[in-house]
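Two complexes are shown next, each including chain A; its partner changes from chain B in the first to chain C in the second.
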Partner chain A sequence: MHEFSAQVGPAAFRIGSQWRSPVDQLAALYADYPKPEIPDFSVRLEAVSMLRRFIRPSVMIEGDYMLPDAAPLPLAQALLAAEMGMNLQMALGWRRHLLLHASAVEKDGKALIMTGASGSGKSTLSALLGQSGWRFMGDEFVLLDLESGAAVPFPRLISLKNEAIAAMEAQADAARFGPLMEGTPKGNIRHLMPPVDAIARMAEPAKPALLLFPRYGHNWAVRDVAPGETFMRMTQASTNYVALGEAGFTAMTRFIKTTPARAIDYQSGAEAVSLAEGLWEQLA
Partner chain B sequence: MSGAEPLYRADTTDAMLVEPLDGLTLIYHRRSGVTHMVVEPVPQILAAMGEDALTLDQLLTRLSKDFDLGDAVEAKAVLAARIDELVDLGLVDKLDGQDA
Partner chain C sequence: MSCDAMLLVDALREPATTRALDANDWTALIAMARAEQLIGTLAERLKSESVPPKVAEILAEARINADYQRRSALWEAECAARALSDYPGKVVLMKGTAYVAADLKAGEGRHIGDLDVLVAREDLPQVEALLLSKGGWEWVKEDAYDDAYYRDHMHELPPLIHKERDRMIDVHHTILPLTARPSPDAAGMLANAQLIDSNLTVRAEPVEARNRSESRPSTSSARTETLCVLSPTDMVIHCTAHMIADGDLAGGLRNLWDFHCLTTQFAESDPDFWPQLSARAARHQLLPAVQCAARLSLRLYGTTIPQTWGRKKLADAYFVRRLTARDGWGRPTRKVTRLAFYIRSHWLRMPPLMLARHLWTKWRKG
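The block that comes next holds the complex of A and B.
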């Protein structure tokens, strides 16, 4: 078994793999991250069967927390399998913070949080802002501290999909990209290492100051979002709101009462960055 | 005991976390771990009940001190419907009535 471990924000992961190549890819992409002593979560990439391991290698994700019917992925997509496995552990197992399915960037100690369905552009927008004067905090999960309400970074590898790949290739250092994986269940995927300062400062929380619901592919628009709608959307965007019980309720209501929220529609990354920065000047 | 009016008692104020949120109210019910989103008149009804066991008429009297409830018969029917919903949600208990 080949092994790899990395600390991402407050969570420590250990990945075990029957193949060497995914572990080498992970080690290269996570080179800037600290190595934890004791993992919070273990993810194993295992062959579907011994026979299949040689005929057509396929990867099953095994871990502390599992989805029963996750489909195996081809070995060429093992990096994606590892990332999915790590996300799954966080989504199903993390209890130390209120976990929001959202991206975030920071400026002046304050966090801009963006949430939306897959394809909304929240990941790309956080990556673009992370290249233009903001500190990247995470493109998938935002962790809210249950005591202070602060947003805690979780700057895992940025998972770029489809058109976002070319958009970021034009912006970021070529050496920080992982291999292009074509034809995955989510389309084309390429991972990007977050900026060095985002990883170095991943223990620094920020106070939530603005919440955006971006929506890609629609004409430019900004809309107020009432706190009740925000509450409904954010409880849906949290995988552990129910499991945390009263602590989750308290953290969620405080977040919503103290953070202004807007929905933004946009057609291009440049338009979204400009919209986000304009609202930040006005509201944060 | 037939004809006795049922009594209603809200779960204790300790059992619920109430957070008004711009036009609606969130209630976290500690016993069930469920979050309820409610609008008027539910928060007002729960506030008027306090921790006392009340008949519908007694509750109506309390509410009418603070709100103009209009026609009394209609108001009682509406209140009964809301109270039944709160009983279903587990936020209010329905107790055996007592003859006056």
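The block that comes next holds the complex of A and C.
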């Protein structure tokens, strides 16, 4: 088993792979991250069968927490498999914070949190803001501290999909990109290392100050979101809200009561950035 | 370092053994405990041990998750009881749900998946109809062969899943497949089943709901007269039947830990427990299985068992080899041993000709 490990925010991962190439790719992309002594989670990239380790190699995502019917990926997409495996551990196993499926950036100790379905643009938006004066906190999960309510960063690799790839290639250092993976189940995917300061400051939490529900592909619009709707949407956006019981309810309601929320529709990245910054001036 | 799950067994048996572990050992121990669904149990066992800070975080998280599982298991039992409030017979909770409902040591930190209940065989149609119509459960399998197979030969109904909560309920009418050689006395088990203290399930409800049900006792009183757990001896025998006389020992370390906790706790409060267990197991035709489990429990977890039971048998070593077949990544190991126990489980489950026919049908259906 080839082995790799890295710490992302409060969570540490160990990846074991039957092939060498995914581990080399991970080591390059996670070069700026600390190495843990004891990982929180183990992820394994295993061949579907002995034969398929060599002939048309096919990767199964296994680990401490698994989905029973996850489809295997070709070896060329092993990096995606590793990332999916790590996300899965968080989604199914993490109980130390209230976990929100959201992206976040920080300014002056305050966090702008963005959530929405896949394709809403929350990941791209956090990456764009992270290149323009904000600290990138994460593009997939925001962790809310159960005691203080603070947003804890989880700045894993930024997972760029389809048209977001070109948009970010124009903005970020070419040396910080992973390989382009074409034709994955989610379309084209290319990973981007978060800015150096985002990784160096990944233990620094921020106070939630604004919650946005971005939606890509619609005409410019801003809409108030009432606390009741926010509550329904956020409980759906959390994978461990129910498991945390009363502590989860307390953290969720405090977050919603203290954080103003807006839904924004936009047609381009630039439009979304100016919308977000305008609302931030006004509300945060 | 240790290359199999003896590392986990040692930590459960004697928490002090973990003081010698280095970072790699801890990593392996945690992966194994998760793979065997014993991480919550391990967290309970290591509660008063001093462990590395990262391990303390992982174990605290496992306790939060175990609380959640306990809460949801009791809630499922409560929902089943509500759906069956018009059913006059006993509804016996089994396995994990029973252990937490009866507040037993075996329930501490335990992983709990499906809800398992036992009812009288002649009442199955009524219970099934109530769960489907009033409870919101529905069939998982649409396959006619599987459905018929369950109904004709198994000890339980085909599994039902809840429409909204996505949780399964297994309704048993006995503890082993009808085609297995031993035939336990299910009616005797039901007769001896004990009502549980209703407060245990009500505890999962918010305070206001509890107050309401005190002033209007209609729902809760129906419930208290239905939900039961097996008697201590039958509970141990069911745990054994499930582990030694039926399955392929998947989850065996956890089942054996249940056996260890149950027998230890019952023997502490009743000095006659072991002789009673022996007599009761003989009645259910499961004494050899219970004795095998006891020897394994002594061997792995250091359980105190009657001296006359403790004589080593050659086959026990194969069981130990199967039970500890797990590596430091949490991967299953010892393929041949695993396969042998898988074949054994089918062999125990049905006579050879029937097995051949069953496998042939399954194979043709792909």
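The rule we apply is simple: the second predicted complex is superposed on the first by the 284 of 284 C-alpha atoms of A that agree within 3 Å, B and C clash if a C-alpha of one lies under 4 Å from a C-alpha of the other, contacts with A are read in each partner's own complex, and residues count from 1 in each chain.
By our rule, contacts are C-beta pairs under 8 Å (C-beta built on N, C-alpha and C of every residue); 3 or more make two chains touch, one makes a residue touch a chain.
All values reported here derive from a predicted model rather than from experimental measurement.
When the shared chain is aligned, chain B comes close enough to touch A:A226, but chain C does not.
Contact with neither chain B nor chain C is seen for A:K161 once the two complexes are overlaid on the shared chain.
With both structures placed on the common chain, the touch criterion links A:T235 to chain B but leaves chain C unconnected. Judged by the touch definition given at the top, the superposed model places A:R14 against chain C, while chain B stays out of reach. Annotation for chain A, partner touching more residues between chain B and chain C: C. Contacts of A:K186 after superposition: neither chain B nor chain C is touched.
In the superposition on chain A, A:K207 makes contact with neither chain B nor chain C. In the superposition on chain A, A:I256 contacts chain B only, with no contact to chain C. Legend: residue contacts after superposition of the two complexes on their common chain; A:G245 is shown touching both chain B and chain C.
In the superposition on chain A, the residues of chain A contacted by chain B and by chain C overlap at 242, 245.
On the chain A side of its complex with chain C, the touching residues are 1, 12, 14, 16, 36-40, 42, 44, 62-65, 93-96, 242-245, 247. Taken in their complex, chain A has these residues touching chain B: 226-228, 231-232, 235, 242, 245-246, 249-250, 253, 256-257.
Residues 17, 19, 21-24, 26, 28, 30, 33, 35, 37 of chain B touch chain A in their complex. Only residues 23, 26-27, 30-31, 34-35, 52, 54-55, 57-58, 60-61, 64-65, 67-68, 71, 329-331 of chain C touch chain A when the two sit together in their complex.
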